[in-house]
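For reference, chains read A, B and C in written order, and residue numbers begin at 1 within each chain.
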Amino acid sequence: MKLYDYILSPSCYKVRLMAALAGIKLDLRAVDFHPGLEHRGPDLLSLNPAGSIPILEDGDLVLTESSAMLAYIASLSAPEWLGRASAMETAREQQWLAFSSRLTATLGGARLHEMLLRPGDIAALQAGGVASLRELEAGLVEQRLAGQAFLVTDRPTIADIACFPYVALAPDGGVSLDPYPAIRLWSRAIRSLKGFIEMPGIHRLHELKPEPHLEQDEA
Amino acid sequence: MRSDTTGFWTPVALSADLPAGTVIPARMAAGTIALWRSQTGHIAASADRCPHRGMSLSHGFVRGEVLSCIYHGWSYGRAGNCLRIPAHPGLTPPDAIRVVTHDVRDTGGIVWVASGIPAGDPPDLDGFTPLRSLTADADRAALALAAGAQADEDGRLVTNIAGQDLCLLLADQPEGRTLIHVLVRSGSDAAARIAASRSVERLRRMAESASHKGGVQ
Amino acid sequence: MTAQTTLQQAMPHQAPPHQAPPHQAMIDEWYPVGLVSQLDRSGRHTALMGEPIVVSGDDAGNPLVTGGNGRILPVKVRYGHVWSSLGTPTKDIFSIPEADQPGRRFVDVGVVRVRCSPLRAVENFLDIAHFPFVHTDVLGAEPHTEVQNYTAEIRADVDEVWATQVKFYQPQASKSASGGITTEYMYRVPAPTCSVLYKTCPPRPSEWDVITLFVQPLAEDLCDVWPWMALFDDETSMTDLIHFQQMIFLQDRSILENQIPRLLPLDPGMEIPTRADLTSIAYRRWLKRHDYTYGAQLVAR
């Protein structure tokens, strides 16, 4: 399975993260998104006319939407990551997968503007980001009140992975996460999952491992 | 805002939002603090700035009974004293390296931080249980107007929305914002709690809308 | 709380002509303002120390930099970047002899904007003690946190800050490294917002890899960072080299945006250095000596 990837792209990271959690090895093909704008070049446009990354290739299958990639990876080797136990789970999963594109448009746009100098109306992007974060916070509060730690149910699903990266990286775009305690707990629960991997801007939770000590002969 | 005492308690977070082994930022009127709970459950509040290179300590991590800075791993105990400088494993940090700490209490499901030396204990919450915290881009007056009730000198505002008693604990934040801790009657069921959460979202929207129109002085 | 400057806010400000501008020493320095490879006629609209500038190229690829009132600013092309100055530079851009050495690959890493003082960005680049906590499992890992003694000095003959014999255990020192090694570093600060790092070169033990941080000061608390590299590495693709360095720098960015104050404190009472911070101590002393104080905080507030 080949992923056209950019280390700083939260959308690409969704796919790397899901693959790591599902135990699937990806063949990563680095795309010079910045500064080279390779995703807008003829080779990648012929693969994805939308000019976006990630792109996932598996045999004849070519996917250009990250939510579809998450569903594909989970269906192949981690079906427990799909919310399919009831009509309500299915619906909630679809709800948050669709919601995740609003995070990309707002928080993702603010991040590209503030970090990589891409054009955009920064005040509108940040205001949209705050509105999305408030909606997510309210949703997570209601889930907690129902005894569920994740967006769809009491276990993580692809909907959590679809929403997590742009939320965790909101401060890169000048949007603070300080006012959202439910998002903080949810984010921590995701970062504590076995097999979790980071991307630049999301630090390791050093507390998950006890403080390591040098062996005498190493010192 | 009270002015009569030498100190007062600010409600900064719900106890449930600060699990063991975590650190969070908390805004006081005077600035941000790093609020943390050790692995064994002891709570502490310090200045949100590592004296080494100025990094925010609320971005750090809690291992066991110490708070560490994410930048260089300098570690601090609950009393604010520096315990470890990883770049110099053999060095016992001098006592002069420390962060300012604040008195902190965890009662009634709320974490309270002292400004100055409060005369007594944090206020009693008489039969209310914390539900959630949220921040409004509106000041206390705008929230009072939207709620149809005034806050007392402890920032406690009791109102009734759609037949449900709500207690809001208000804490002033920088830039005209207000931190709202929402409490419901103890024993409320899940449906009532969700209804309360939505009521306060609505109240926040009203207060912010009024503030942004300049309708609240 | 430190006031935040946006680029839009930073641009309109100019030193009034009737008073001697502060920061004259830094005004007369060269700064990176764009990539040569990305010059075009429409131009890059950016800023230098609060003044709006436009960096463009003509059809022949010659760079042109204009200041806020349309005046033509000095321009040079060096190390893959266009350099300019608001003042009258008395010196040429510092030399990096390795940039002329055959066999090296030159990597334009691209710009990253950071909401911090340009001086804080450089100081972080000079620091190794953060590697285990910020670049975990790449440039450092617990329990290998100790910083061994090294030498840092202001070299009078060249008037540069140098740190030598810096050694650190690294799990993955570079894109081409396959396992943990103890890496040796030398650091050099030849200009107030630029640093050059010389680092163990695994494929060629007799040479040093060169990694630089060129910082364009937009405002005192806002900068564009242009990393650039001159490496011996025939294996790794150019894109992988770019991504490795972008990964490293983006791990630093969230630190730099959360230091308080945003400006670099030059008052010794404001922050507590240790022996591991000798390079930073020398850098701060050198800045103070030359009045390189744009982006610095002189007295505790």
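The working rule: contacts are C-beta pairs under 8 Å (C-beta built on N, C-alpha and C of every residue); 3 or more make two chains touch, one makes a residue touch a chain.
Note that the structure is a prediction, hence the values are computed from the model and not measured.
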item: Graph class of chain-chain contacts, one of line, ring, star, complete, other; value: complete
item: Result of counting contacting C-beta pairs for A-B and B-C, higher pair; value: B-C
item: Length of the line joining the C-alpha centres of chain A and chain C, rounded to whole Å; value: 30
item: Gap in Å, rounded to a whole number, between the CA centres of chain C and chain B; value: 38
item: Distance from chain B to chain A - Cα centre to Cα centre, in angstrom; value: 29
item: Where chain B touches two or more other chains, by residue; value: 59, 70, 73, 89
item: Contacts with 2+ other chains: residues of chain A; value: 203, 206, 211, 214
item: Per-residue overlap in chain C, given as positions that touch at least 2 other chains; value: 133-134, 142, 254
item: Parts of chain A lying in touch with chain C, wherever the complex brings them together; value: 6-8, 30-32, 34-36, 38, 114-117, 122, 171-172, 174, 200-201, 203-204, 206, 211-214
item: Chain A residues within the chain B interface of the complex; value: 134, 137-138, 141-142, 145-146, 178-179, 181-182, 184-185, 188, 203, 205-207, 210-211, 214
item: Interfacial residue positions of chain B with respect to chain A in the complex; value: 13-14, 17, 19, 21-22, 24-25, 27, 59, 61-64, 68, 70, 73, 89, 131-135, 179, 190, 193-194, 197-198, 201
item: Chain C to chain A touching residues, read off their complex; value: 6, 35, 37-38, 108-113, 115, 133-134, 136-137, 142-144, 224, 237-240, 242-243, 246-251, 253-254, 257
item: Residues of chain C touching chain B in the complex; value: 1, 129-130, 132-134, 142, 145-147, 254-255, 258-261, 265, 270-276
